[in-house]
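Below is one structure. I have some questions about it.
By written order: A, B, C and D. Residues from 1 in each chain.
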């Protein structure tokens, strides 16, 4: 049986949810302490990263490991555009910044858009060769491209300030920017996935050859998915840069480590599920922060005083959980299912019927 | 095009893989409106013929003409857009998608296949795509919902015709084997083909299902105004519904004709049915 | 058939591939020293039956007894060690190994150097053509030679039961003849054989007993001579109408 | 650009290439058998180096003993990783195994951070006397450290052993058979899972051996030290044709030479040395995906 709500009802319900969430965010913005607020914003940033990678990996079935490269491009582009000319002059101590970039200065919205667009363009350039490969070759090649991007960031000193990175980036990322962009990402990717194009992308994931034989231009659709994912990765990079306030091209900040974090989020939430990505991102952000406690002194069973576990233990715990998920619980929290109004409606009506019968 | 005219022409088509000649100088045609059978022992190169026609492989030499257009250099998605649909020997449904979605994927080329349209226009034919900018229209929902509704109705309509309407919202993987075969045919029909290539449609079916399938193939041929080109192992099916039969062995055509003619061809008996021989 | 001579006994075997019910409770026996044939159309479940016996595919329910021991769902390498060898469909020669190495793979678990040497001589006697090609890579052999190698490789484990999946498939008619002759010869030298064939005519001619499979069930059985005379079999599988 | 310069760089290139080749062989053997890119391979190499370092520091024993312990320890680690993480996923989609491999890599790195600490350790401090390592020979004007000869020599010996195992023993034959066809190999009575675990152990031992020599040359030991050599070695394996052992050797050697020679002649490329390897990878994948010595595969429809 297919039970569905009318489109109108769904639009109204969605608007209602947006208003309620906005109100809650408003309350959080007013009353939460700065630390918790930062975590709240991080959840939104991770959410955008996870959604964009899931579009590529989970929905389209392209196993890309190059996400950090696009995020890096977005982060650097946006940060260079919002940093004041004076600040740029001050921090570029190894080599002075190139003149055309020194005085380029825009507001946060344009900087973020520019970051997204440049990342999308990079995705287009990278996708063109990489998408001709298949399976794990593609994974390695995309990781390789991300590394090339990182090595360039490390060495193009007059543009990126090399290993020193960019400092004193204004902390523009607040609840409204973060969740505003998350909403845009969610609506865009959600709308794409539920359209005929989304079905085509899923079909490519399920069986590439059959999809081709059904008249789908597989390469073009994969590239499309790659570019859209790249755009939002760039956007998330901008938000991330203006959240961190300091960025550098180390292996652990905007390198493969970040890609692996995002991969954990989408696997945890369920590869191929949009709502799963959001859940995965939120859980990951909270888990990582909560595990910070392990590294602080704490009392075991309330009695034994410990000095806390050594630094890095939380990542160890997370990676162990990750491997365990892959072995025992590959589908993650949502599998490929979605939380949609129709599904909720079906679920509630079943629940009600069940109560009547019982 | 009138009934009986050649619709799909294979002209000296050869396909080699390394040293192996899978299809060797294949020349024949499929005529408008007919049900043509392609038979031969395992490994005779039958499926390779389908793969070459639908663009999975480019032939090593030779030409393929469909509806007056040389499709030899074209890509699979372009060829599908022109009107050739197929099914696979080992069912290749989109397993994790619903029955309805499987059919709707096959409609996608009607809004996103400028490549195919270009070929049609170049050959002076009517383009098939309904308008432009569908990517942005579908994401921003600008006039897209009507299209979605139309596609959905057409898909449900098609499922009704083939008798799968009641399973529209089931996952394809949850269908019994016979129904999966049927869905694969329905999905192929959703691309609105002129010709449909069926690769062993009766494989794995019991005699009763096979019987139904034969009726089904004849019915869709008439209802959808189709030409059917099928590979089959089950001699009952081939002899029962094919108006003309091509027999292949070692990549070559060894015989051609009606069921009766082929059955009595000694070359066919030797290659396909096993030769009488003496035990030591 | 007499009970005490039974080498392999299948009882009510059910096998699933995902949702597909591939074997729907088949039962049959292979008596010691005989050739038994399974015939049926493509997709009837013949290969599945052999794969389940050899341990490559897991049975959902039912039992497989070999020499009185239960071997149901034992891993493939243990089944092989108990004395069952298989010639898989499509030969499955190791293309990157030499002919000699392919044969040695067959004898993987044997330690008796002398016995291995003896059997090597034996298979070279059966297929003199292989002897000239011991140093060649398996992948460079012709289809017929690969089939000979596949059979020889299986024989190198000195099995008490030899299972063969479509040994005549894709071979030129003249080679088909040769392969069937060899199967008979192997059987005459004491190896029990379970044969799966699409070439029903040839298979029934050399075998003692046959079973007809249709979509996962056995629909007919009997001594091979009787099956050869059966009207339904003639029509469906022998192409004689 | 004189002959001395050429000799100098050739030796450096062969040494680096040999080290890549030793790691690459592990990738190629595992890939050949399971079609799995064992992301954790570079990290196994890192663990091997830490094993040697801590064994030498804690027991104050001879370096040679520490090295042997480290190689055996890495082999055991490889065996364990296969059994715990990959074996349960043998029948899962290949991409699941790949993700798991990334997780294992991640796990080993953070394990090293927690247990061994994130601060780099000076590897050569475990050598009681460093005179031999420091010694430099004069070869036609070029100054070649003794270490370079040592590394090239040991690498060559290891490769001879590897070839003997893979081409002259029963288990080596089984390994090659598995890489062609797993089910058929099990029909021959081979315990496939055991052979696969053995392959992991062998590859891990070779990676550890490479890591130890690597650390004598670049004595900075830290938890992420396996990442780059691991990636490079993978590239080397693809370069030579993944799945082929001679290919991995050739690919490793060529990559080492390229990485030394290009920056030597074009100073400005020095900083982009790491990017170079990836660009080679992408070009190879696009132009000849089967690599120099690999075989072309036809997709079955």
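One rule holds in what follows: a residue touches a chain if its C-beta (ideal position, glycine included) is under 8 Å from a C-beta of that chain, and two chains touch if they have at least 3 such contacts.
Small disclaimer: the values here were computed from a predicted structure and weren't measured.
K.L.:
Computing the C-alpha centre of each chain, which chain sits at the greatest distance from chain B?
P.N.:
D
K.L.:
Name whichever of C-D and A-D has more C-beta pairs touching across its two chains.
P.N.:
The comparison resolves to A-D.
K.L.:
Could you state the distance in Å from the CA-based centre of chain B to that of chain D?
P.N.:
That pair's centroid distance is 48 Å.
K.L.:
Measuring from the mean C-alpha position of chain A to the mean C-alpha position of chain C, what distance in angstrom results?
P.N.:
Here chain A and chain C have centroids separated by 54 Å.
K.L.:
How many angstrom lie between the CA centroids of chain A and chain D, rounded to a whole number?
P.N.:
Taking the average C-alpha coordinate of chain A and of chain D, the gap between them is 33 Å.
K.L.:
Using mean CA coordinates as chain centres, what's the gap between chain C and chain D in Å?
P.N.:
43
K.L.:
When you check chain B against every other chain, which residues touch at least two of them?
P.N.:
Only 56, 88 qualify.
K.L.:
What positions in chain D touch 2 or more of the other chains?
P.N.:
301
K.L.:
Give me the residue numbers in chain C that touch at least two other chains, ranges are fine.
P.N.:
In chain C, no residue touches at least two other chains, as defined above.
K.L.:
Going by the contact rule at the top, pick out the chain B residues touching chain C in the complex.
P.N.:
Touch list, chain B to chain C: 41-43, 173-174, 176-177, 200, 203-207, 233-236, 269-277, 279-280.
K.L.:
Within their complex, state which residues of chain C touch chain D.
P.N.:
54-56, 75-77, 80-81, 85-86, 88, 92, 94-97, 101, 104-106, 108-109, 153, 157
K.L.:
Help me check something: in the complex, which residues belonging to chain D touch chain C?
P.N.:
Of all residues in chain D, those touching chain C are 170, 173-174, 176-177, 179-181, 183-192.
K.L.:
Which positions of chain D touch chain A when the two form their complex?
P.N.:
35-37, 85, 88-89, 92, 94-96, 98-100, 102-104, 106-107, 109-111, 113-115, 117-118, 224, 227, 231, 234-235, 238, 271-272, 274-275, 277-279, 281-282, 285-286, 289, 299, 301
K.L.:
Mind pulling up the chain C residues that touch chain B in the complex?
P.N.:
Listed in rising order, the residues are 18-20, 41-43, 169-170, 173, 176-177, 180-181, 184, 198-202, 205-206, 214-215, 236, 238-239.
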